[in-house]
Amino acid sequence: MKLKGGIYWGSGCGGCDVAVLDIHEKILDVAEKVDFLFWPIALDFKYDDVRAMDDGEFDLVLYNGAIRNSENEEIAKLLRRKTKTLVALGACAHIGGLPSLANYHTKQSMFDRVYSETESTDNPDGTVPLEKSIVDGNGLELPRFYNTVKTLDQVVDVDYYLPGCPPVPQQIVNALTAVFNGELPPKGSIIGAGTRTLCDECPREKEEKEISEIKRPLNMIPDPEKCLLEQGLICLGPVTREGCGARCINSGVPCRGCYGPLEEVHDQGIRMISALASVLGPKEEKEIDAVLDGIVDPLRTFHRFSTAASILRRKMI
Amino acid sequence: MLEREVVYESVLDHDFLDEIYSLPGGHEIKKCIQCGTCSGSCPQGAVMDYAPRKIFSLIRAGFRDEVLESNTIWYCSSCYTCAVRCPKEIKITDVMYALKRIAIKEGKAKAGRKAAVLSKTFMNMVNKYGRNHETELMTRYILTADPFSAFNFMPQGWRLFSNGRLPIMPHKIKNIEQLRKILKKVEELGEI
Amino acid sequence: MSERIGVYVCHCGTNIAGKVDIDKVVEFAKGLDDVTLVREYKFMCSDPGQSLIQKDIEDGLINRVVVASCSPLMHEKTFRNVCTRGGLNEYLFAMANIREQCSWVHVDEAQTTEKAKDLIEASVRRVALQVPLTKREVPINPQTLVIGGGIAGIQAALDLADAGKKVILIEKEPSIGGHMAKFDKTFPTLDCSACILTPKMVSVGQHENIELLSWSEVEDISGYVGNFNIKIRKKARYVDAELCNGCGACWEKCPGTRVPRKGNVHEKLSLGPTTSIYMPFMQAVPAIPVIDTETCIRFKNGKCGICAAVCERNAIKYDMEDEIVEFEVGNIILATGFQTFDPEPVKRYGYGRFDNVMTAIEFEIMNCASGNTGGKILMADGKEPKSIGIVHCVGSRDKHYNEYCSRVCCMYALKYSHLIKEKIDAEVYEFYIDLRCFGKGYEEFYDRLLGEDVRFVRGKVAEVTEVPIEEAEKGKLVVEVEDTLVGMVRRIPLDMVVLCTGLEAHESLPDVAGLCSVSIGKDGFVIEKHPKLGPVATATDGVFIAGCCQSPKDIPDTVAQASAASSAVLSMITREKIEIESATASVDEDKCSGCKLCNSLCPYLAIKYDEEKGVSVVNEALCKGCGTCAAGCPSNAISAKHFEDRQIFAEIKGILSA
Amino acid sequence: MKYTYYPGCSVKATANLYQESIDSVMPSFGVELEELEDWNCCGATAYMSVKELMSFAISARNLAMAEKFHRDVVTPCSACYLVLNKTNHYFNDYPDMRKKLGIALEAGGLSYSGNIRVRHLLDVMVNDVGFEKISEAATSKLEGLNIAPYYGCQIVRPFYYGCGACSDSEDAFDDPDDPICMDRLIEATGATSVKYSMKTKCCGSSLMGTEEKQALKLCRGLLADAENNGAHCIVTICPLCQMNLDIYQPKVNSLFGTKFNIPVIYFTQLIGLAMGKKPEELGLNKLAVKMTEPMKQILQGA
Amino acid sequence: MTFEPKIVGFLCNWCSYTGADLAGTARIKYAPNIRSVRVMCSGRIEPTFIIKALFEGADGVLIAGCHPGDCHYQEGNYKALRRHRLLQRILPEYGVEPERVRLEWIAASEGERFATIVNEFTEQIRELGPLGVKESLAEAMKDDIDHHEEHIEESGAANEA
């Protein structure tokens, strides 16, 4: 008997859906084993089709994207009810991802920016989206835009996490295979990634670290053999879960942390602050500050993907 | 100086020390070890009723009137030698300023009548123009403090004038209103 | 696993109970998760108090203990022992400090009680997550390193050596003896310094259990109590110690002129010869000269060689090089001594500007019979002074310099008055603030001086000037001072002024202290383990202190402390084994990715990268448990035992739960 | 090198000769002094004797106005130097004071963060310009001219506690008891700096107006030590010191029966002389005690 | 009711905790708002602890270690300093005033200083007012559907798991 599966796209870029397709010909194997009854990006099913299903009818639902608005949340809750296994696919569903950078702003400030302040905005009437409006005499309702972006597990119970922005296709295959074979780890586990940090996968040579200058990739060509952090680049590899195969690192680009923190690390970004500050060279306040001046926008750099899952989660309002 | 054979506790003001202590710059005075560096360093020590060290003893013991009525505070020329040298880093000069202020406020500045007049005249001058006008300052000061001493100042005044160093007209700053607003606000806030 | 936590609230007489509502606290504690019993008692640290806890453990009522009483720095050990005696691992115990940081420091009773509750909840939550740790023991190496060969180091070394233990004594100067070798007489008994010191120096030189390394400095110290590894740099003397017999032919012919160091030694005054090859003084141990390469002509331009030529035993070796020697010792005694305050920055006293203003140590050397004035008190022009002023508290009790009192200056100043009166017929003025003569026989000495026509002026000298006002002041140094007892400012013309400079920790102390991880206080001296009850130990196990590296001291106190330090070392050696820190860091190898970020964080080099496993590992014998690596580890692979993240989080949650 | 210039009231009046020499000399060293617009009196010592917070407030007005230029404030007057620095320290050290001053300034539409550095012109000359440049500019070497360097008191005690050892006060640029920078400056002009033990002793300052005899006594000591050490003239850096020693010199003579005839000039005038500038250009004609014959001869020789 | 700031102090065992004890021994009175967590070294203090404390309801956090050069473990305090400098840069981005997280060097002998700092800090925080991370987060969630206080609790618990 074929399994019933679904894939949903919350607040994300669609990259995770593409990553699923990036498993190439293996998609055929998957299709052989799974009947996709819901996959908005690829197949034409309606929400009502899902609502009509029995609770727990899906064997597996992959939810990618964060929770940005009421629609995301509503569907997450719906799918949770309808599936046996819910997997948070990709960084956004897992730890908030890039969309959660919006948590350093308020809804109002974002609307102001987007609908009236940007240099390219041409909105003389000051039109902004309204939750409820009348268009041509008909009522129109838009999902409610939330103040705060959340991870999937902040609104529903999640069974597994498949991290990455986007996840490595092979890892998706592995995860699906595990589901097919019924070889799933305990609930709440991370699947499709390792248990150590990226440094374990990273082929670069590592030495004891003492950083006396912070550089940006656009200003230098890094030594291809040596640890990027040691060369003064902000590489989140040490605080990020392995599993991606060090793709960025191998291309000379420092890790940005999309695979999220390790087990028992409460806050990936803050952890990086601790680790990085520990190995800075200077001891005098002024000199320390001079080095730190090299870090452009530290908070967002360290929390690029993990804001929603961080301890404070957002800017105070 | 008041003469007493025995000093009774009842006549002393034991809040005086705390009064000074609580002022900005006054907080070290309790630490005075009476070493005498200040007195030994003071260029005016010899002509003072009490050299600075003794002032601290008097404050500590509560001899409020003796301190405020002494000429000591008016002989301080703000050279800060004592303050630089004080091993306890007591801001002696600033304590002297504080005493001057209290003495003026309470009308106890008899020994420093002239200095008090000069200071007040100076302050009024600055409040009026935003700057000091030395010619007017001296004229007003002499007339208020001791008109008969005018002749004593004349040779010096002439020396300045004849050498082109005595401007006749005061300079008023442009935004005197701003300065007055600031001063008014301070008045509302009250001294510390 | 359900924990059974026992909470014990101490009244500490009225110390806690007077400010904290014990009943409320007990009631509160009873309501906390996992707490199975709460008891209160007047004095938890007393025998009956301890038995309460022990019995509850033995009865199986509880398996974790929280004591809410004083600071853990006070009684943590006591209660840990109680746990051990009751059969519970001592690391399953936590303490809530509701006295030092609660009842003693707050005024409002309600708020103090609330705080006590929070602190107890924090400890309860924490203790629930604590895990048993095992004690570890290491053997103690019976050899001891003594750093510094002044009277403190000499005494400590002799005590240990006489007890049959091996001692390595190192001294950075060419000879041992320290400051005491520069003194003529010692107060208050006025016995001759050399007469009592020299025999001790000789015994050190000859003792079979003492390895004396003079002209040597500590290069590195690693390891931990019982097992220190020491690297010592033996500086090149350029004289072969084996061959030299100390005849003196070399320095008698040496054409070079040594400039004694700035600071402690005046250029014009020296105990030994002022040649480039020199002995610091004639009674030196070892009696072997040293070449001062800065002034030696041979070293400057290669054109001399007289000393080598006159040496009958061919002991001069210009090509000698520094040598590094290594030792293993079990304990270390720091006896680095003092240096005197440099009065040059106190411009108003004129030191360095006026010839006849001198420091105390220069005056000591001048008085010393083997000094180059032959013990005569002379002015710079060679004449005898007719009047001398002795200025107390120079650089002492002064926030600009040293805030502390140096203790010895009053007494040596009085000694100077006596020496001056004894040697020449001069007027002597003592300018003092307070005379502190507290030792045995000290007040009596002061009393004696009062009878010797010394003029005491109470007042800190404001200034020493050369500008005369009246005729009698011309050509003299004039001291301006308020005679505070008279209440008048006086100007006193004098021929010579001696500045009683205070004692400071020796400049080499910070480096040496750093090597053995000993803390230095803001006064510059070593912080002892406990100011009253642990005056010779330090916070670093196996490192002890003697003499002026701890605080200014006179000779009797120094000798007493040196003997105390050596007896503390002896008691360590006699134990043969010692327990070491259990709360170390450890690496979870499953989590470590080998990023090496932690490797540079450890001050004790306890973390090394294991190439084979590809992970970093902690050498627990070296780890002191600071936890810096745990805080720095990006992947949370390192945990600081007993200070684990989850334990601290629990504590945070506890104190904020109200 | 551009600075915000705070001349102070005296420099605009009784010490106008100081200003003339500054105008004449400074451009040659690339020192650009842009006068703070609409500055007001610092309050000096007198204001402080009546009202404390007010005196700090008027002083802070200047600092607040200067702050927007992000440049050091330079003043040639020792009293202004001390008072402005003191304001800074009180502002930064006492939170209550800071708060109140902030509110007061706000009433005038100003704000201040406490970050302006106030420096004396002498500091700028010796530390930013440097002795080397002064020496280079000194084309007419003043050889044979003996000068007593008189620092006065307030310049070396800018923020008077904590600067005993000097190094721990960032404002102090020389020792409070034995400063030497002006000695070196004098040497750089080719003149001789004589030993002058009274270099930091008080001239009596404003006591001259209230306790004249005492102030004159102090002046006598200063003049006597200069004369005894063979000084042709005294060089000073403070308007009040200059006035007391210059204008009151005849009075000292009449009171104590002395015969002092020692010109008291500003250090900028000295530098100007060394650069070969005419005395009138430097305001030297405005001295009460005119340049003496021996001095003139040396200058002519140079 | 007046606002009583909650302050968490992270004190190193050797200097600052001992200094705080000394304040006790000397019976120097200070504000009761601080509750201390003892760690062996200021180098042990992770910024995560601080953020966590703020999340749990602290209005201010005091970190105290040995004076530079005096660290019992040689250089732990420098690490604390560097972490603090970096943390200070991100706090405003969270909308948290950097003054709420204060780093001080307090020696074992500085009981009085400890008390002064605590008093000063307490007053400073009192002036800043409550931080209210939880309240702020609840406010930010207000317009979410089915918004319940539990969500925050749950996620807090999830963070801790």
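Chains here go by letter, A, B, C, D and E, matching the order in which they are written, and residues are numbered from 1 within each.
Keep this in mind: contacts are C-beta pairs under 8 Å (C-beta built on N, C-alpha and C of every residue); 3 or more make two chains touch, one makes a residue touch a chain.
For clarity, every value in this text was computed on a predicted model and none was experimentally measured.
Traced through touching neighbours, the fewest hops from chain B to chain C number 1. Taking the CA centroid of chain C as reference, the farthest chain centroid is that of A.
The greater number of contacting C-beta pairs, out of the two interfaces B-D and A-C, is seen for B-D. Taking the CA centroid of chain D as reference, the farthest chain centroid is that of A.
Our note on geometry: chain D versus chain E, Cα centroid distance of 48 Å, whole angstroms. Measuring from the averaged C-alpha position of chain B to that of chain E gives a distance of 45 Å.
Here the spacing of chain A and chain E, counted between their Cα centres, is 30 Å.
Contact with two or more other chains is made by residues 85, 89 of chain B.
In chain D, the residues that touch at least two other chains are 161-162, 164, 176-177. Across the assembly, chain C contributes 348, 398-400, 463, 601, 628, 631-632, 645, 649 as residues in contact with two or more other chains. By the definition of touch given earlier, these chain pairs are in contact: A-C, A-E, B-C, B-D, C-D, C-E. Put simply, chain A touches chain E in their complex at residues 70, 73-74, 104, 106-107, 144, 146-148, 153-155, 188, 266-267, 270-271, 273-274, 276-278, 280, 282-283, 285, 288-289, 292, 295, 298-300, 302, 309, 311-317.
Across the complex, chain C is touched by residues 195-200, 206-210, 227, 229, 237-239, 242, 262-266, 271-272, 274-275, 278-279 of chain A.
Residues of chain C that touch chain A in their complex: 590-597, 599-601, 614, 628, 631-637, 645-646, 649.
The touching residues of chain B, when paired with chain D in their complex, are 24-25, 43-44, 47, 74-75, 77-81, 83-86, 89-91, 93, 97-98, 100-101, 104, 112, 114-116, 118-120, 122-123, 126, 130-135, 138, 141, 152, 155-156, 159-160, 163-167, 171, 173-175, 178-179, 181-187, 189, 191-192. Taken in their complex, chain C has these residues touching chain B: 348, 393, 397-400, 433-434, 458-463, 480-484, 487, 489.
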